[in-house]
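Submitted below is the structure of interest, expressed as structure tokens.
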Amino acid sequence: MARTAFVHRIAAAAPDDVSGLTDAIASGTIDPRGIVAILGKTEGNGNVNDFTRAFAVRALKDALRPHLSPEAVETVSYVMSGGTEGAMSPHFLVLGSGETADAGAGPALAVGGAHTPALPFDELGRLGQVRLVAEGVRAAMAHAGIDDPADVHFVQIKCPLLTAERITSVEVRGGSVATRDTLKSMGLSRGASSLGAAVALGEIALESFDEAAIGRDASLWSGRASASAGVELANHEIVVLGMSRDWSGPLAIDHAVMADGIDVEPVRAALRRLGFDADGQLSPSERPALMALLAKAEAGTSGRLRGLRHTMLDDSDISSTRHARAFVAGSLGALVGHAGIYVSGGAEHQGPDGGGPVALIADRRRLPSLVAAEGSPS
Amino acid sequence: MARTAFVHRIAAAAPDDVSGLTDAIASGTIDPRGIVAILGKTEGNGNVNDFTRAFAVRALKDALRPHLSPEAVETVSYVMSGGTEGAMSPHFLVLGSGETADAGAGPALAVGGAHTPALPFDELGRLGQVRLVAEGVRAAMAHAGIDDPADVHFVQIKCPLLTAERITSVEVRGGSVATRDTLKSMGLSRGASSLGAAVALGEIALESFDEAAIGRDASLWSGRASASAGVELANHEIVVLGMSRDWSGPLAIDHAVMADGIDVEPVRAALRRLGFDADGQLSPSERPALMALLAKAEAGTSGRLRGLRHTMLDDSDISSTRHARAFVAGSLGALVGHAGIYVSGGAEHQGPDGGGPVALIADRRRLPSLVAAEGSPS
Amino acid sequence: MARTAFVHRIAAAAPDDVSGLTDAIASGTIDPRGIVAILGKTEGNGNVNDFTRAFAVRALKDALRPHLSPEAVETVSYVMSGGTEGAMSPHFLVLGSGETADAGAGPALAVGGAHTPALPFDELGRLGQVRLVAEGVRAAMAHAGIDDPADVHFVQIKCPLLTAERITSVEVRGGSVATRDTLKSMGLSRGASSLGAAVALGEIALESFDEAAIGRDASLWSGRASASAGVELANHEIVVLGMSRDWSGPLAIDHAVMADGIDVEPVRAALRRLGFDADGQLSPSERPALMALLAKAEAGTSGRLRGLRHTMLDDSDISSTRHARAFVAGSLGALVGHAGIYVSGGAEHQGPDGGGPVALIADRRRLPSLVAAEGSPS
Amino acid sequence: MARTAFVHRIAAAAPDDVSGLTDAIASGTIDPRGIVAILGKTEGNGNVNDFTRAFAVRALKDALRPHLSPEAVETVSYVMSGGTEGAMSPHFLVLGSGETADAGAGPALAVGGAHTPALPFDELGRLGQVRLVAEGVRAAMAHAGIDDPADVHFVQIKCPLLTAERITSVEVRGGSVATRDTLKSMGLSRGASSLGAAVALGEIALESFDEAAIGRDASLWSGRASASAGVELANHEIVVLGMSRDWSGPLAIDHAVMADGIDVEPVRAALRRLGFDADGQLSPSERPALMALLAKAEAGTSGRLRGLRHTMLDDSDISSTRHARAFVAGSLGALVGHAGIYVSGGAEHQGPDGGGPVALIADRRRLPSLVAAEGSPS
């Protein structure tokens, strides 16, 4: 018997619509005991006052409660990313592991998760957060059974943010926060978390930068980290996705780094490495084999895309994270042929300035070439 | 001597930044006497209270005033489309005609413009507007010297909208307006205008639909009309772009119809008809040959894209037109390799529900194949 | 023994922060079995995609579940009004009844509630909704023990709205909806509900208007209805507040009608009728006696306030309901000396065009005059 | 002959609607040669990408050009404040001076203006800006003929902000900016400008604080400064309003400081000092005597108003400046009986944290008491 990963994409009709999960559990499609993480795109603004994330998490936990112990419910990582701008479709990705008799066919997708302790809010956006997340990523790798950081293709981190109340809680104790701007705190938290992942993956040495670089030095970045900030947690929930010979099954993961919001050719290359033709847009016959696309989007600090000025950073009506998600959802949606994708905003230290990492999970059995050769999967 | 069209894309650093136009006139690159239309993407919200359009028009007129008679300044069509969501880059497209000794090489891009009389606001969104615009399109075709509607590839219409003040002006006279919702009036005006273009182009017979179909019957659409509504005018400014044997020069136009916001393959096909390779994203060497891309975007009334729910129509923070522009700018930007494109929101009766027409103007001399064969253009 | 009403205002730190309620139940301050309704101001946008209302309701029900039967939990009316613009403070108002030995001191505040059956979505904004709500108001009056409509001072109605999904559900059956504009559906639902209340209170005869008047004829209005639309319900939850000789205790209610958003003098007059001095702003010593202020706000269809143009109706970035709530919260907050008030947007058929009803609940024992005479309340 | 000030409030139907000014000049009501400043409330978002301010200024200058030399057109201070949230009504206040034979009746309103040199953008939000503005305020006082800072009741400053382009222009030179957040730069610029005014007025000593206090130490504030930031200028335009025995005529000014957004009693007291009864809301007969109300509004850094949490600082859909303007416009509009008032957002170092200065200009001849005694003014 070997470990085998599963990934299910479940549409949501509202932030608290967990009927798809409930049905999948009822029908036996998903074994709740194997769930490691649930990633979700929820339809709030993705910024400070986005309560759709917490609302979804509450509904998800309530849906799992009849099947799991209270401790097990809390052990699952719930990583909600707010903001389904453009035609991006609200959905949940349920990731987990089971056992299979089909051992030996590896390497295959491996999934691991970890929760860090609560972050003292005066450490948010500072080196303390970097270190805390680096430890968490190592714990999640251990959970996934991945030793070599090179085998990790994606690290998803849910991190906290500052609110007016949290800032006050630090300041009344005589402490200071990295920023008093609540929206900005989301970026600092994502940035420090991503640097933590980069440290754990060996992309950047912890000693090579100092605190002032966090949120400022765009040359420091991870090609595999993805962080989302939310008001609904005070610690970090970390999910590691990679390839491991210890795991078996049809699922495979690869990643790409976009240099900017329309840099889709590296993503096409990754699709091809996974076995897709990917000439032009993924054809209807190829689409079912793509189980998940996870990407980061951001406006870029230059205020320009390939030399042309954009207005995302100067827009006081719509935050740049919302602009960027909508735009990159269009860019990647046009590549893969639908918008049921997970594009998350705010890519501080996640990919180069203005770009971001992209992870792709394929079900190799569903690829048209294989389907043609072997028949469709059951 | 033959007529020859010109198209210049000029970046704008602000709605009133017309320095690029001023410089091009000063250097002789643009002969202001030949300008037929200036299309612009300006950085407002593209909805009712978007004053960036009028601000740009005022600046453009002031820039032309030293070179043209007051009547000639007003004869130019100024079609500002508000909303540069995502990474779309604010810019002006200056279209016009001159003379060339290079006759006979046609067909080539032909450009014509017309202004309708002022629209009585109680006709907005009704059959009176349809008829008024149909006449205007015919006048613009005559101005372009295009007889056959099949040679028309794009009709750009700037149309008025209702404001609270305008509604009151109708109602105090005892009249009624098609809608008292100012944002909705933009859609009705775009819809009636586009049906007017469809009538003039022979796509739809005027007798085949009644007033209640305007803004409602999504099966009625033009594949070549593009309409933008703005508070700054009370009539319609119409620009017709097509191919004509009476015109000469390197420019050519073609069009495509997207069935939805990520339906890029028809656009790729049009690029190929114009001489581009268009394998994957346009390569850096191909990009300079694409002089302009004009597209319409909208959310689609089904609330779904290829079966997956989106949230554009239920978002009370960001209007669906803004979502759709950002998304389609990403979709088409990823195809052509930059976001200096003209994506306009609100595609009522412009392309099928959720999709829209796209026009592409190429400079055939700049295509890599030709450049390789003949050397780069002067 | 007589019935006696209670009103508790409980601050909320987030939509799902029900700790104040939980604490009040734990300490015995609130007997959960007596709760008739919980009204809440939650911090979403108050429009279509405001999930803070449903999130709050879920948390409130979970908080009551340990204390009440499942049926009793559902019998409570949960009327969340989204939108705490300006400095309005998120809070819950818990209204209910108990018994007191202090009979005979009436009249005093009486509280009653009712739920209507689910509204077929094709009836939303139409006469069917008017009739359904009128019946519901009569049921709530009966529950409160109020026979004479003149004794009713406030009717709070939570009503449903249309979403893209709901519209489709009607249309696939061949039905039609009153509007396909989801934001507009909120206004129609509030309007039809308020007319239903007006009918039940005898303010307007059902036969005196037809369906086309709903949402259009601003001369039809209730001076005591307040309606909020929310995506989280498909029926109506109705709460009636009035004065009754059958009830006893220190609480009293009165109401006023504002002719526009700054028409505060009628509210001051109502405060004086309740025993406040209300010279200028309520003094710090008077404020504790005001238990609740409930008001409606709207932009007014004229686009003007006392002859001066405002921009609320032409703003495509911020909906007019949000503008109006912020503005009226300032207007009424400056009168009563704090912003822990319940200002709800969208006052269609609720008060005259641009104005709205206001209800005020006072604890007569806490008025400075009485406190001076009798000592402070226990 | 003595100097005499004039103040005209002119409604605007759009940012570029200067017809009221044009008419007043044509009819002789306003002598354009005497105009010192035009303050305007324009209907943009009041934040970074608010182009209504520049649009209005362009239209105002064009309106003055036929009457004034090019130098004189530029010498007028144009202080547009974006954001007419709630029912605030877009309008211009035209302030200036003429001569009167009626000398000796002083003191009366005195008006002076000054423009500073361009601010190097790396000085924005820093001590260099404080010093530059302090010098500018002294120059404007000299222009008004006011020697004693105690006679100054209001200093209106229009100051620049940072955009992505401006930040880059500093950074490519190797410089640094005070913030890379464009929205935040507006607050820093307003703050440094207001401290400059406080220094010039003797409210705060320049030596008593250091650069880090700018935008941070809320205990430092001017009770008479009002600053608005705009993208349309790179220097400061300063207007000083005060009382002077050298000036004559019916106009008088006074000021108040609000401790928070509903602290209207100090404003009522100032109204009474100016001769109004101001019992409750200004009565219709009193309103014409109030020529202008200028106020600052802000959310306050505590996240609370009189102890109750508000959500303005945590709202990522609507900036806190917009919330605060809407709320305070309601608060002050309910006091003075209309919303044709000038409430400007962002009160950093302008009044205490969460509050702001308010200036009131009265025409003493129009007060009901005087009108009753002497007949109405011509």
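Every chain is named by a letter (A, B, C and D) in the order it is written, and numbering of its residues begins at 1.
Convention: contacts are C-beta pairs under 8 Å (C-beta built on N, C-alpha and C of every residue); 3 or more make two chains touch, one makes a residue touch a chain.
Note that the structure is a prediction, hence the values are computed from the model and not measured.
S.K.: Half is the threshold here, strictly exceeded: which of B-D, A-B or A-D has more than half of its contact pairs identical to B-C by residue number?
M.R.: Equivalent contacts to B-C are found in A-D.
S.K.: So using the touch definition from the top, which pair is joined by more C-beta contacts, C-D or A-D?
M.R.: C-D
S.K.: If you average the CA coordinates per chain, which chain's centre is most distant from that of chain C?
M.R.: Centre of mass proxy via C-alpha means gives B as farthest from chain C.
S.K.: If you average the CA atoms of chain C and of chain D, how far apart do the two points sit, in angstrom?
M.R.: Between these chains, centre-to-centre, one finds 38 Å.
S.K.: If you average the CA atoms of chain A and of chain C, how many Å lie between those two points?
M.R.: Those two chain centres are 41 Å apart.
S.K.: With chain centres defined as C-alpha means, what is the inter-centre distance between chain A and chain D in Å?
M.R.: For chain A versus chain D, the centre distance works out to 47 Å.
S.K.: Please output the residue numbers of chain B that touch at least 2 other chains, ranges allowed.
M.R.: If we look for residues of chain B contacting two or more partner chains, we find 13, 43, 45, 49, 165, 309, 311, 314-315, 317.
S.K.: Under the definition above, what is the set of chain C residues touching chain D in their complex?
M.R.: Residues of chain C touching chain D: 11, 13, 43, 45, 84-91, 261-262, 264-265, 268, 279-281, 299, 305-306, 308-312, 314-315, 317-318, 322-324, 326-335, 337-340.
S.K.: Tell me, which parts of chain B touch chain C in their complex?
M.R.: 45, 47-50, 163-165, 168, 180-184, 301-303, 309, 311, 313-317, 319
S.K.: In their complex, what parts of chain C are in touch with chain A?
M.R.: 13-16, 43-44, 49, 51-52, 54-55, 58-59, 165, 231, 317
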